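Here come two complexes built around subunit A, the first alongside subunit B, the second alongside subunit C.
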Partner chain A sequence: MRAVVAIARKDLLVELRTKESVPAMALFAVTTFVIFHFGLDRDRLEGELAAGVLWVTLLFAAILGINRLFVAEREQGGFDGILMAPIERTSLLIAKSGALIVYLVALELIALPVFALFFIDEGFWAAVPRLALVTLLADVGLAVVGAMLASIAIHTRARDLLLPILLLPLTVPVVIAAAAATKPLLSIPLDTSGVGKWLAVLALYDLVFGLLAYAVFDFLMED
Partner chain B sequence: MTVPVEPAVEGSQRAGAESITYAVALDQVVRHYGERVALRHVTLRLEQGRTLAVFGPNGAGKTTLLRMLATLLVPHEGELRVLGHVLPRDAHRVRPRVGLLAHEPLLYRDLSGRENLRFYARLYDVEEPEARIAHLLESTGMTTRSDEPVRNLSRGMAQRIGICRAVLHRPELLLLDEPRAHLDPEAAAMAELLIGARAGVTRVLVTHEIEHGLAEADQVLGLREGSVLIDAPAARLDPRDVRALYGAAA
Partner chain C sequence: MVLITTALALVFFYAPNDADQGFVQKIFYVHVPLAIVALIGFIVAGVLGAMHLRTRDDTWDARSYVAIHMSVIFGVGVLATGAIWARASWGKWWVWDEPTLVSFLIIFLLYVTYYPLRYSIDDPQRRARYASVFAITAGAFVPINFIAVRMAESLVHPRVLNQTAGDMPGEMRLTFLVALAGMALLYVTLVKLELTSKNARRQLRRLRRMLEEEHSGGAAPPPIATVPAKPN
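This part shows the complex of A and B:
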């Protein structure tokens, strides 16, 4: 736990100083909403289209942050320092996942109000508590899978290309479940039936991929 | 071409059963990167408390050897023991007892020197970290610049912080790759207390400074294209023997 806190704290401190990930993710999301706004030529979205626009945008914005998750270690040499330290390698996975969840929550705090401003006419704020639960469960899944795959991609020359290729297929279930859980919340009138089932799917995904990442991360970090 | 010198440790002492008494013991270690062989059947013994200088031209396998001792690379053949433990099996027992000063100082540029040291102190669970950090910064003359981001420091100053990081957890085995690189004479003298012979720990020193390396070392390993060409006590070697490793470039 000591190492997890130390690594996550270091990551957040570096991000606070450099502002390299979260602002880029937020700017990307806002820009994408603008493109959808004009591309679809619609002032208002609801139901499955609104959910789809929201989750595709959040997923692609998340990829920017995931791509940079291990960059400081790679470019500044800290990887060897961490790998040589007498800590469980999984501390790195947990810390990186934790830092990424913070990035994603920060992204959503900016992106969701902007999304509502561009596309939602009414009822958005009533859906926010349940929407927060959906995004949190989706964030955990994205963060765990993202941290695991970023640790693989960072060792390759084409990491910017490799990461989305590896990540997107594995996160299809997250997008399906998150969009399905969000669809009734962005419908008029607000409809919460069926949300629980998709929340359970997201929780199951988090559990399965969390355990998988925990099991293989030591191996991924080996020479 | 270098003529092989007699080994620093007699053949009868090379049995694997005795390697537990050595800080570093390699038996026929091979390491390759794809098709390229970086180390070819390297056998080596280094007693505790002694200093091994490793010489060789670029690509000789020096850094590979250092990274294997640091638990960052695994041998593909042969047996490797560090501080009595077999690697990679017992890497978790070795890591708290080894310090590495590599080409890069392993520091985060956006954190200050002090923040970097605090970070590593947490990873190594260093006792009384603030006092230890203050002592090391004082020892390297970096106290006044320790709160600046590392990116603002000169390469030599970053190297001084890197030295603090390498010895922060009081390692028993120091792995030093060109430790005096970028240091001015005053800084090199300061660093001597932490990573020099007076530090009183086992050291593996990779260097191209032949005279200095020979003066520092008890034992010398000369590598070329991954093969051991010199394994001898430093006192028996002439700088010309080592220069011959470098061929026409020497």
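This part shows the complex of A and C:
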């Protein structure tokens, strides 16, 4: 557990000092919102369209961060360090997922207000508590799957090419559930029915892939 | 085994049961068994991948790879026959509000990425390990994806084998089950064939390399491999 905290702390400190991932992700998200504004030619969004724009943007922005997740480990020998240290290898997975969750939350802290400013008329703040819950559950799923796939992709020749095509199909259930849960929250008369069901789906996804990543991660870390 | 797969064709012509959809409905005997076998193949590949991680025996990895390979090929067949059937009975080549179609497409897209993943890892041991991890993850993903997509969509696609919707008359059910068995055996046969050919190719390559070493003699510089090392 101490190893987990140490690795995650290291990652967050590095990110805090270099500001490599999160600002780029946030900038990407904001720019994508602008692109959507012109692509859809809409000033205001609501309901399923709003949910779709939001989640597609967040997912693509997350990919940027996930792609960078293990770069330092690879370039500066961090993997060897982890392997030589007398710690469980899965602590790397947990730490990386944790760091990624922090990145994603930071991203959403910027992206969600901007999204509301650009596209949502009013009633957004009433939806925020539930939206935060949806986002958090989706973040956990994205982070676990992202950390696992990033550790696979980093060892291949086609690294940053391979990650999105592996990640996107695997995260389709997250997008389905998150967008479906967000849709009623962003509808003009705020509607909270059916949100619970999708939260359950997200939680199930997080649980299954969390356990799965935990089970297979050891095998990704040999040699 | 091949005999039984030809029995599939025989049943196909011998027991034609035109339902309300007429002749087009026949594609059902190809489409559904293909889909079921492909999905089971994906899940089996996950189990085989787990066997590889457990035993570190490369033959398990090869089996897992070939199982996925064949399932992807079957998957192309599923999408093609499904599109034809959809065009004939629903009037469109592709329908988005069909959970079964959409989830199959997502799973298919996921498994197609198995190839770039496999071919972009050079170290054979690592390749086998990562491919196995992928096979397990994706195998677990198959049911989850079906749950998620199905929850999101309507239920128009007929479920054939569940308790209520399986109201097939006896003859149709028999034909369907024979078609399913035939398709499963075809799958197994193809997997075996591919495994044998892979083994043969590997042995051939090894023999050639030995031969080359003999020819080049002791003092000569190490021979440049004339046979490119193909990923297996």
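To be clear about the criterion, the second predicted complex is superposed on the first by the 223 of 223 C-alpha atoms of A that agree within 3 Å, B and C clash if a C-alpha of one lies under 4 Å from a C-alpha of the other, contacts with A are read in each partner's own complex, and residues count from 1 in each chain.
By our rule, a residue touches a chain if its C-beta (ideal position, glycine included) is under 8 Å from a C-beta of that chain, and two chains touch if they have at least 3 such contacts.
Bear in mind the structure is a predicted one, so any value in this text is a computation, not a measurement.
**Q** Report for A:Leu212: first if it touches subunit B alone, second if subunit C alone, otherwise both or neither.
**A** A:Leu212: touches subunit C, not subunit B.
**Q** Subunit A residues in contact: does subunit B have more, or subunit C?
**A** Counting contacted residues of subunit A, the larger count belongs to C.
**Q** Examine A:Ile87 and indicate which partner it touches, taking first as subunit B and second as subunit C; both and neither are also allowed.
**A** In the superposition, A:Ile87 touches subunit B alone.
**Q** Contacts for A:Ala177 in the overlay, against subunit B (first) and subunit C (second): which applies, first, second, both or neither?
**A** In the superposition, A:Ala177 touches subunit C alone.
**Q** Scan A:Val201 for contacts with subunit B and subunit C and give back first, second, both or neither.
**A** It touches subunit C, and subunit B stays clear.
**Q** Between subunit B and subunit C, whom does A:Leu166 touch in the aligned arrangement: first, second, both, or neither?
**A** second
**Q** Examine A:Glu222 and indicate which partner it touches, taking first as subunit B and second as subunit C; both and neither are also allowed.
**A** both
**Q** Is A:His155 in contact with subunit B, with subunit C, with both, or with neither (first, second, both, neither)?
**A** A:His155 sits against subunit C, while subunit B stays out of touch.
**Q** Do subunit B and subunit C land on any of the same subunit A residues, and which?
**A** Residues 222-223 of subunit A touch both subunit B and subunit C.
**Q** Mind pulling up the subunit A residues that touch subunit C in the complex?
**A** Counting only subunit A, the residues touching subunit C are 148, 152, 155-158, 161-162, 165-166, 168-170, 172-173, 176-177, 180, 197, 201, 204-205, 208-209, 212-213, 216, 219-220, 222-223.
**Q** Considering only the defined contacts, which subunit C positions touch subunit A in the complex?
**A** Per the touch definition, subunit C meets subunit A at residues 53, 106-107, 109-110, 113, 116-117, 120-122, 125-126, 129-130, 132-134, 136-138, 140-141, 144-145, 147-149, 151-152.
**Q** In their complex, what parts of subunit A are in touch with subunit B?
**A** 2-3, 5-7, 10, 13-14, 17-18, 72, 76-78, 80-87, 222-223
**Q** Which bits of subunit B are touching subunit A when the two form their complex?
**A** 70-74, 88, 92, 95-96, 98, 100, 102, 104-111, 115, 119-120, 122-125, 149, 165
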